[in-house]
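Chain naming follows the written order as A, B, C and D, and within any one chain the residues start at number 1.
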């Protein structure tokens, strides 16, 4: 975590990525390559992706590689990959999220581990920053399953507020391959500068984020960024090379890689 | 359990019924009435029925009534209510069943209890009596989750064989409202005498099954029946009255009702 | 349709209701009773409800009764019965709606008829009044299938605007069993006076709507209402009796019942 | 078609391949490349694969390329890609297949064409060769939609028998990249020699099949093969190159490529 000057007290960081997002005959992402690069796996739970056999194999591979398993919970939306916001009533959403956490935890147990954290996926990830009912559903699901499980997500917003009230930890994450606005939020994907693809640049940003707690925004200004984990995108061409560059850059800078959970 | 003369060593029996089989806007069964009559609830796990909010409410009601929760696992088949046999490869089926057990156990935990046993549903219930790969998938799922969990089902068949090899308990159940063939198997639903609906007759059969370990077959012969649980059907008209008659008859005969798990 | 004094030029009205909303083992609504009372059936298309065999039987019964078939299209949301608004991108939604219209039309053809109109269901019904992209998707789906098919819905809003631009007819419907606000919109279901259940009152409102083109709002004021069809709710207790009262009241007042399509 | 010596009366053949098998975020197959090589597209209908937007784009591309559209109907089984046989009752299956044909026909109409034939997919393709109820469901679905539509499939079996009785055409297809047994059936995929991958060999087999109506079986014997269409597999590595080799080989041998429908 960052000290009061915005620097990390010790240079340690977690690398997280989405895994287990295949479904039946359809394959997505290079889970094998990513598992070797990360310390925490956000494993799909079957609602936006992830058939049970894929999840079982993904969890077994994560355990074999010493990677921590988290439950990446989503709206029930295979057709939309969880990327379409849905007006799900709070009690209904809480039950759906609880169901997913338990399902993945069962598979993680069978693989010799447990679900160690929860991360919302896709449209839900964004919705819980502003929607009090849906953020409350997420906190409810997590607390009713195991109140000691942390959430992984962007700092700030309604979710952070409700998590703090409920004494649920929200582990802050940042993105080395995404552009930032001067207020510390991400450049929307519809705008120029939203996604960075140069491995050298992205690795350098990652190191600076972790070591100095700062990142250059799109307007050239320098903004503070709070993070205990870096999110690695794995489902785009070149993503594995980018992830490897980030990992190598961090290690070369003397940063220690370690899961937060 | 039965002693060597086919009688129960002590007159104790479990009453089980299927619960949580609504889905979203669609309601099925009178869960509230049944919960008051049974000792074990076979709760759907979302694959043939049971949306997560229904499951959460069903588990909470079961806990409040002191009813034991079991996971009623199924093929992935909402459209067919799990009643259509499917050629699911063993590893795939094992993972799907494991997923369901974990999902329901998560919901049961949130309600203050746990999944205490597993029962296959519908077409899977029948298939595992003869299909070695699918019976193996069920035993694998159960053992990889918690090898101490018992199965609930009909005695005999391939499942019983594989369960014994794996040292998984298979708790035998019988049906007071179904006709039996001289070999101890059920009269198929397509034949006359398959289903009995007279509460007085059904209650008398239940008492005789439990107290004497015997039942009259359709041809008038008397056949032994092994049971630790009686399955109560709840989704047909008059089923709750039938279940109440069975319960009252058993209590009047001095039989103790107690969950097996 | 109404003349310039807000009265119907001739007392003729269509009665529409939602049919085919069962799914597999789950039954919903009394389709048999409703089919005898209405002139137009809004038949589900499998996305919020309606398995194909149910749809086939529903269409066959509609044809036998001389009831016109419309396609009640929805978000892809069986778990939520189409009642949860979803942020579906326009091209994706248009294709999903087109798929549904074609699917039901195939079933209607096999029953000796055709889909004669399209009505959006649930959350989509409300969303297209204000969401230009989703209203555009509906108009696109309809035009690309058969531009001569009318829409059935509430008058006004973005959908009405886009339909007019595309020269697609929007047939206006009203509700005899719902409270109206002074501006002609419906009282939200969360407020008192939203739903009326007295058959005598509801029938009287239906007759006045049709004959005079007016309805009493919740504040006692008198508001004009434009309608060519009355929507009959069929999935609540007492709904069939209410529908029968409306039908009888209209016939007694000399109103002719006739489908609009 | 073949003359009485087992040779084609005129050297004309159709090339068919499966298209539209992506689903939401998941992509499968190189539809763009295949569309340029084939004359008939077996387009998925949403039950084993094919979200509606994919289907709309696939149909538009087929129409642009002059490729005929067929409906590739399946069990309702996204998780298993339609490859798991299911015991679906006849009336239920007939309605599900009818639904799919109509849905794709609606999309084909919107693209300026129509569904011109029907081909069963995956496990259903094999099941209808021996299961009278399921073969009957397929013939029923097709006849109740449009009795003039032909089926595409392997000659022989129960489906061929029922199709003949119902005066539905069954267009015979063969496989240049699959091994044949001496009785004219395919080598099961679990056995050696089931799949051929050498483009030169496969192209030569294709030409001989079409020109001479004969193919070398795995035991070296020469067996007659009846075909009006060759099925091209598109979802394996190297498949597009194989398809191109077959097409080029046929054209070089003076065979004309033409859709059958």
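Heads up, the rule we're going with is that contacts are C-beta pairs under 8 Å (C-beta built on N, C-alpha and C of every residue); 3 or more make two chains touch, one makes a residue touch a chain.
All values derive from a computational prediction rather than experimental measurement.
In summary, the chains found to touch both chain A and chain C are B, D.
Across C-D and B-D, it is C-D that has more C-beta pairs touching. Inter-chain spacing, taken between the CA centroids of chain B and chain D, is 43 Å. Chain C and chain D have Cα centroids lying 41 Å from one another.
Residue positions 51, 79-80, 92 of chain D each touch two or more of the other chains.
Those residues of chain B whose C-beta lies close enough to touch chain A in the complex are 46, 51-53, 55-56, 91-92, 95-96, 98-107, 109-110, 144-145. Touching chain D in their complex are the following residues of chain B: 76-77, 79-80, 84-89, 92, 123.
Within the complex formed with chain C, the chain B residues making contact are 22-28, 49, 51, 78-81, 83.
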